[in-house]
Amino acid sequence: MSKNKKLALYPGTFDPITNGHLDVIQRAVNLFDRVIVAITTNSSKAPLFSVNERLEMIENASNGLDNVEVESFQGLLMDYAVKKNATAIIRGLRAVSDFEYEFQMALVNRKLANGIATVFLMPHEKYTYLNSTIVREVAKFDGDVSSFVTEYVQDKLKSKFN
Amino acid sequence: MSKNKKLALYPGTFDPITNGHLDVIQRAVNLFDRVIVAITTNSSKAPLFSVNERLEMIENASNGLDNVEVESFQGLLMDYAVKKNATAIIRGLRAVSDFEYEFQMALVNRKLANGIATVFLMPHEKYTYLNSTIVREVAKFDGDVSSFVTEYVQDKLKSKFN
Amino acid sequence: MSKNKKLALYPGTFDPITNGHLDVIQRAVNLFDRVIVAITTNSSKAPLFSVNERLEMIENASNGLDNVEVESFQGLLMDYAVKKNATAIIRGLRAVSDFEYEFQMALVNRKLANGIATVFLMPHEKYTYLNSTIVREVAKFDGDVSSFVTEYVQDKLKSKFN
Amino acid sequence: MSKNKKLALYPGTFDPITNGHLDVIQRAVNLFDRVIVAITTNSSKAPLFSVNERLEMIENASNGLDNVEVESFQGLLMDYAVKKNATAIIRGLRAVSDFEYEFQMALVNRKLANGIATVFLMPHEKYTYLNSTIVREVAKFDGDVSSFVTEYVQDKLKSKFN
Amino acid sequence: MSKNKKLALYPGTFDPITNGHLDVIQRAVNLFDRVIVAITTNSSKAPLFSVNERLEMIENASNGLDNVEVESFQGLLMDYAVKKNATAIIRGLRAVSDFEYEFQMALVNRKLANGIATVFLMPHEKYTYLNSTIVREVAKFDGDVSSFVTEYVQDKLKSKFN
Amino acid sequence: MSKNKKLALYPGTFDPITNGHLDVIQRAVNLFDRVIVAITTNSSKAPLFSVNERLEMIENASNGLDNVEVESFQGLLMDYAVKKNATAIIRGLRAVSDFEYEFQMALVNRKLANGIATVFLMPHEKYTYLNSTIVREVAKFDGDVSSFVTEYVQDKLKSKFN
């Protein structure tokens, strides 16, 4: 890979990946030469899906997309980003409450690695309401999540809650 | 009851019911033929009061109001709302931070049961600051909650923290 | 009309009516016995369309809906609401910036006529971004507004800007 | 220029360009192959500086930056973006109030030209407070704007207000 | 007056002074040795009341309060604050929309005169909704403003709109 | 100390104290005769540092500042404030998300002790992003926190995480 190729990281918990995440990934692919979907593994909360399950679901969902890779990482995002020689961090912005937290993280991350910009993208407005927490909550009570996640993820959710 | 009668659900944790909740209930009674105050029982957080205690406090507080019933439910709100043949879900809006979460839930709920509208009402501005968490926190340290909850709830809080 | 019938007013400038407004009207019709779309005529800003043109466009757009009427009014909304014996004022809420202004107006209106509640409804998320100002701006430069307003309004916008 | 080169537009009024704008431009240059700073000329408000003066100030300020061009445009941003074959629209985000308006515009722009993404970047936190309106206001009363704009712009402001 | 006495400025348009403003002034008096209510005269909008009328209404309203003075000023607030040897600028915060603008101004003002802090106070929650624009709007259509402003201001509003 | 001396409390968890907290303390010292930094000990979350460690770090950091004391307290803030005969409670405001919570607490605190005002101050914009949670998170993964906290606190963080 030439050193001019631009790599963006899209970090997140992805527990599980939603159609809103996928929409952001599709946008990112148009803007950068390579996109790595990067699963954070140091959340304080116990995830529903293991890192391997999450990785598998993202790979399945992003299957048709060129130049998308999936990885997991430990430790500080910016240490990982520097190691990967990333140009940018991608974050989805949906709502004001996202905005402040994301802003704060972006400012800290700039402090930690000034050369790597945080780039905010908007998912389609039909995904404004969507996050992984809501998907888990609806699936837990056997609600219909077919417009929120891929068929593959639907199956995984069903297995998990039965 | 004729099928044209309009039923609204007012769901919440009500741990315990506050004067702000009561203000919303009084408003809802003017707008709908029947109002069911619906206690959610699947919160991940351990409540201070049992479902029965919460039910009793709401019944006591809403005693003088016509056409108000109190129930508890399990599972997805929208499954319960469909079963009850509800026309609307009532939610109180006090602050911007309420707003985004409520919005998100309303959009998901519309997805799950499109015919049932979420209707937002505002409690009186003197209850802007009020929520059950703050009531519990103040009562825990024996602070004065007489302008936040009914006398009956005050007594229950005192018993709980002694 | 019996005195138990519930009337809601949906006030606004409607310059012009958008698909987002229509979505709110459709929701309101399910909740109330009658809905009056009420055009405010005392805006400080010069509107693009005259009151009669706006009235005509709303009537055309809400043609298939039962129990919807269109009127214009002058002076304070709450004086008009009291005169019409309204039970509620309907407002659409799309975003945090809407929220604070609407809240402030609702609190003042409650002060002016305590018995009439302001009821907030959410348009479909596909109309989150939509308001009359943006429609006028896009139409002015001959952009495509077909997913924002009815065909009838599209024609009126074209005539206005040619 | 090969068709794979990625062009981003950075539209705005730039009346005048501030150090916050410059910070965004420097970030954008790292992300895209070419950046066009695009002056909008159809604002309803009368600007302090003419389009030519604004263009000159931006050219002076972005002088040392490779691959940055300055242009002005009329009509809809997305018509101009399509004509230029742009990959992305750049917008700076500083505060929640920015956020909602920018979000709304990004959603409308996506509707008008789906293939062109809006990319949000954050200026350095030391420019959080900064916008052109405040610069004009401070300069008008002969306040010190040396930490807000370049020396060249300071001189232009002084000439304008004397 | 000894040089240790602490002076706070409370700047604003006060067109007219409301009960919310008065509530902030009463709070400020407890915190500082002297408070100057400072009428800004360089608003771009044409005020309803002249500077003298506004000054007279504030003096009448703050009559019983010790250590409160009323003045008007031209030019930059911070130049005026430095000249008066002020320790602090007082601003009332009621809502999120206030917050961002006020924050921005506070940051710019700190840049212009670092030693003078902006101090934010909250009016009573019963004034959350209240501002001068709403008072003028309600009074213009002969609505009841008796819970928003003093009797003296009510009379002035009546004279102005007849 | 004369009874006219004005005392402000600056309550918080300070787990650990950051440069943003220090900036607020420095501002507060200019406004009040005495400032007590007051460590709350009834947080539901387990802190990283003990009350004594936090007290020691604050004393070290505020060493050069006149009239600053450090204490810890249990129970309701307002009971403690009344006991200390405080004139004001100091809170730092950085972002909209701070704002709503702080507002709510300030309204409740006013209810509990009406004579004691909550005074909001802004830390320098370079600390906009900064809070103790982020400091702990970055330090945990051995990231560089030298621009966030004092050298003394850096050492304590290092000991804690090794």
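Before moving on, here are some points about what is shown:
Going in written order, the chains are labelled A, B, C, D, E and F, and every chain counts its residues from 1.
Note that contacts are C-beta pairs under 8 Å (C-beta built on N, C-alpha and C of every residue); 3 or more make two chains touch, one makes a residue touch a chain.
As the structure is a prediction and not an experimental result, all values here were calculated from the model.
Shared contact partners of chain B and chain D, listed by label: A, C, E, F. The interface in D-F, A-D or B-F that matches B-E, meaning over half of the contact pairs are the same by residue number, belongs to D-F.
With chains reduced to the mean position of their C-alpha atoms, the one farthest from chain B is D.
Relative to chain E, the most remote chain by averaged C-alpha coordinates is A.
The angle of the rotation superposing chain B on chain F, based on CA atoms and rounded to the nearest 5, is 120 degrees. Centres computed as Cα averages put chain C at a distance of 35 Å from chain E.
Between chain E and chain F, the centres computed from C-alpha atoms are 29 Å apart.
Listed for chain E are residues 96-97, 100, 103, 107, 125, 128-129, each touching two or more other chains. Pairwise, the chains that touch each other are A-B, A-C, A-D, A-F, B-C, B-E, B-F, C-D, C-E, D-E, D-F, E-F. By the touch criterion stated above, chain B contacts chain A in their complex at residues 42, 75-76, 78-79, 96-97, 100-101, 103-104, 107-108, 111-112.
Taken together, the chain C residues at the contact with chain B in this complex read 6, 27, 30-31, 87-88, 93, 96, 99-100, 103, 106-107, 110, 115, 117-122, 124-125.
Across the interface of their complex, chain C is touched by residues 95-97, 128-131, 134, 138, 141, 143-144, 147 of chain E. Interface residues of chain B facing chain E in the complex, by the touch rule stated above, are 96, 125-126, 128-129.
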